[in-house]
Amino acid sequence: MQRVTRDALVKKATELLSAGTVDRVLGWRAGEFSYDVTPYVFSNAEALEKDFVFDDFCGANFSKYLIKECGKSEGKVLVFLKPCDTYSFNQLQTEHRFDREKVYAVGIPCEGMVDITKIREKAEGISSVEVEDSGYVVKTLYDGDVKLTAEEALAERCLSCKSKKHVAYDELLGEEGEVLDSNRFSEVEKLEAMTPDERFAFWKGELSRCIRCNACRDVCPACSCEKCVFDNPKSGVENKAIADSFEEKMFHIIRAFHVAGRCTDCGECSRVCPQNIPLHLLNRKFIKDINGFYGEYQAGEEVGSRAPLVNYTTEDLEPSEAVGKGDGENA
Amino acid sequence: MRKISLDSLAAFFEAVSANMPLYLPVDGKEGASYKKWEPGATYSKALNTNKSAKDFFFPQVENMMAFKTEGKNIEVLDIREDVGPFAIFGVRACDAKSFSILDRVFLSDPVDSFYKNRRDNAVIITVACSRPLETCFCKAFGIDAAAPGGDVECVMAEGNVYLEAKTEKGEAFLKQVEAATEAADAKAAEAEQAKIRERIEKLPLASLSTDRFGGGKTKEYFDSPLWEELSANCLGCGTCTFVCPTCQCYDIKDYNTGKGVQRFRCWDSCMYSDFTKMAHGNIRNSQKERFRQRFMHKLVYFPENNDEIFGCVGCGRCLAKCPISMNIVKVMKTLGGAERE
Amino acid sequence: MSMNEFKPKIVAFCCNWCSYAGADLAGNNRLNYPADVKIIRVPCSCRVNPMFILRAFQKGADGVIICGCHPGDCHYTSGNYYTRRRMALLFSMLDYLGIERERTRLEWVSAAEGAKFSQTMNEFVEAVTALGENKRLEDLRCKE
Amino acid sequence: MNNQEPLIPKVGTITDVRIDTPDVKTFRVLTPDGKKAFDHKPGQCAMLSIPGVGEAMFSITSSPTNTEYMEFSIKKCGCVTEWLHQAEVGQQITIRGPYGKPFPVDTVFKGQDMLFIAGGIGLAPLRSVINYCRHYRDQYGKIDIVYGSRSKDDLVDYKEIIDEWCNDDGINVHLTIDNPQEGWDGHVGFVPNYVKELGFSTDKTAILCGPPIMIKFTLQGLQDLGFEKTQIYTTMELKMKCGVGKCGRCNIGAKYVCKDGPVFRCDEIDELPDEY
């Protein structure tokens, strides 16, 4: 298993800081427990040495942070990007959302990040989580050690990882990985195989839990509009609350549609959802349909590529042919 | 004191349900959440529900009134519904305490009738926390998770649930379901309570202190440079406020149904950019200001206006749910200057 | 309300240059289509935001149809090609959420196709009538 | 069920609309049966709303001593006010209140010489106090009113000022406009400077209302003249939704503008964090 250590990242960051290549480092800072790391901007070697952490809980996608970060100083910011983050990084660049010149991107290998919610389901009262062999040991307050396999602890998005290859970086730590043959559409296929009634019941069960906290939107690298339509009082759909079951459906359909063709499937939406709604299944449906209808397309694979929804051919299929053809011919 | 064996909880729930609707934590995909009891429903083993229990009295959305307009005329229709008695089982000490904090807002003059009508009708059956979690810090706010209060207080010990009425309402409630319970002495429950208190002392956040916060500290903290650092990566979502048992800010909005206008109230979040936006501008333009508002409100402003009672109950939901793992504990420790050194 | 009395409410978004003129022609030629079809004129079929469609359902529509120029005939050269992609994805998503696929439709109707307009509307109304009331994308507040 | 619900409003009918300036209109509001919707004290506010448009807080500009009706002088600046500005006589709206702490007219102000300083639409909340003091004329000392606006056309309640206030004994009205204008032979200049030029004696109680920048400089000017902050009152405005101190948005530090304000003494404001 290829892992990058905390010390290697601190070393790299310190080097780049002292060489003047960057003037700050976007990283993680430890919290109260072993799992609650917080994104943090470090500006000197002492702070890095003291507070910088890196472990399997550092799953946040930092690409979107660059929009805000690039406006803060004239100097460059160092950002560490996992393979999946590099796709969002490219996509945001395609959309001219940050200044590439102000970023120094270091690609870091990733063997999957842990989903604390999954661990909580298996272990109550977590004292610490440590990597052991190919899995994890969770020390608990009352039940002693709980051993979990990687599959039991890793986030769903990591278990169905689409690529270990970095599509953008200034420098790479460790070895380059490859685009994987992922099973990420299997859940979508299962849903497609259901009857409409079953699908409706499924989504009603999922979406009715939505509390409209907007975390999915606020974390999403593709949701980088300066003013969201759902925040705009003049849009007629500005609503802070799920005032009726319709509202949550509209919010999630429209949000998924707005990012369709631009969503890189980074999975942040599902990670942050406090109600555990599998929001990525909406985005993946669009990705799968796009692949099936208009040919394979991976958002963020290269900078400047034309997203499928701002493109067309005269031979595109008709909506009447599209519906139900969701299975597409996935190459 | 009365007791029921854990095995016959279902019979107890059924007996309660015969008198009034009963809500209790049930496991779901999101974790535990309060559901109406139906035959077959099982009481969740989770320590706490995903969302807090404030929804019972202050739901996320409620229609307050309707308007009928005809030409230049308006008619205001009171569409409030009558609320009947209901029972909530499984409320933890933190959530039980949160009701008294919400009471200070909604039951202070002028009384909010929407809230009061529900509050008056609820029987709150609390359960002591046999296994408090690492995210729990209710002790910091003077809450005793072993004696959670409410109308009826439950302690689970030795395969039984021990019930004790704490209010007149609770006594009447236990009387109603007397047949489903049996008399018991307090020994086993008290022994368990003592054990719970020991466990709480050993929790990782047991040493968290509120000493440095409270009313009158606005000047001390408001201009602290630490707010910048603490809020720097806040996403500005409303997760913390919506899972919080004491966050009670709301918005009032109108919805045109095509057949008239309905005015509803919904949860709002001080973390949202338009929270204080008005026609001529916004007084909290940066996330730092909004972030500061939330924590200053809980740690300084609320105690200042409410006899030094803090606006937090240490339930730990925001610790578990914040997308960037920023939370009130980190804020307290950073501002308080402790432990981070 | 029994099924045979059910008259669906239909919203038809019609492109100003082709389909709206097609509807006019249908009228001039005394071709019938149900009065429950409410036409909303849009400058181009690609003006139709997915939000419009959902909002129509929210406010009580039982079916939504979008009519535009035939592919290749767009007044703005390529608008309807974008519509075609958007609607293919949106309709597929609605189907994925379990919403009846017959409630939404995209049709190409030129200014000369009065007969097609009337026929399309009649067929669509019939299909939606068979489905009954829109329940899966309804907003209860907007119901009686 | 508890039938008192503070958030449920009454219906009010607009019985008169007066055009004050190009962007200010004064609305007279009565209940449908021709009564005053409720009693209030000078400086208090009311929540007006148009179903489907929104609800907003306005200061009641008529004096409590007016037992027939209530008036609101409203400047067009947001969606509610824009809607109101196109409303005609007979239009119904909804009204609830009164909200907030009033000016201490019956306690601190009693027997005092009063100095009112207003800029632009800032006259609206002061008009209620001024007319209250005029009504109980013998209970207050000398009254000075300094009022300025961008131009002559932007002076709210100009007619009432000229016809009534200027003719009262013991009331001195000092009007000013920002820039010279044809047909204006009065003072030209900004309010803060004019206050300093007039050089009031410091035995007065001052009440300030206007745009934030005017308040800031006038406050400074008054202090230069020797006024203490404890002698100066002002009234504030922040985003409000409920009006009853519960919805949580109008606080400045631990004070809620809708409940603890909108009237503050300037030394009280000093105690608040700088977030308004």
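Order of writing sets the labels: A, B, C and D. Residues in every chain begin at 1.
Convention: a contact is a pair of C-beta atoms (placed from the backbone, for glycine too) under 8 Å apart; a residue touches a chain by one contact, two chains touch by 3 or more.
Quick caveat: nothing in here was measured; it's all calculated off a predicted structure.
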### Message
Keeping to the contact definition above, tell me which chains border both chain A and chain B.
### Response
C
## Note on the structure
Per-chain Cα centroid nearest the overall protein Cα centroid belongs to chain B
### Task
Determine the centre-to-centre distance between chain B and chain D, using the mean Cα coordinates as centres, and give it in whole Å.
40
### Task
State, to the nearest whole Å, the distance from the C-alpha centre of chain C to the C-alpha centre of chain D.
53
### Task
Could you tell me the distance, in whole angstrom, between the mean C-alpha positions of chain A and chain C?
36
### Query
If you look at chain D, which of its residues touch at least two other chains?
79
### Query
Hey, what residues on chain B touch two or more of the other chains?
251, 255, 268
## Note on the structure
Residue numbers in chain A touching two or more further chains are 233, 243
### Task
Would you identify the shape of the chain contact graph, picking one of line, ring, star, complete or other?
other
### Query
Among the chains present, which pairs are found to touch?
A-B, A-C, B-C, B-D
### Footprint of chain A on chain C - complex, ascending
50-51, 54-55, 57-58, 71-72, 78, 81-82, 84-101, 104-106, 136-141
### Task
Spell out the residues on chain B that touch chain C in their complex, using ranges where they run on.
63, 255, 257-259, 262
### Message
Taking the touch rule as given, give the residues of chain A at its contact with chain B in the complex, in rising order.
### Response
31-33, 35-41, 60, 65, 116, 120, 124-127, 141-142, 205-206, 209, 211-215, 217-219, 231, 233, 239-243, 271-272, 274-277
#### Entry: chain A - residues contacting chain C, complex
188, 191-192, 196-204, 229, 236-237, 243-247, 249-250, 253-254, 256-257, 260, 282, 285-286, 289-290, 293-294, 308-314, 316-326
### Query
Taking the complex as given, what residues does chain B use to touch chain D?
64-65, 67, 69, 72-76, 78, 80, 82-83, 105-106, 108, 110-114, 116-117, 215, 218-219, 222-223, 248-252, 254, 256, 261, 263, 265, 268, 270, 275-280, 282-284, 289, 293, 296-297, 300-302, 304-305
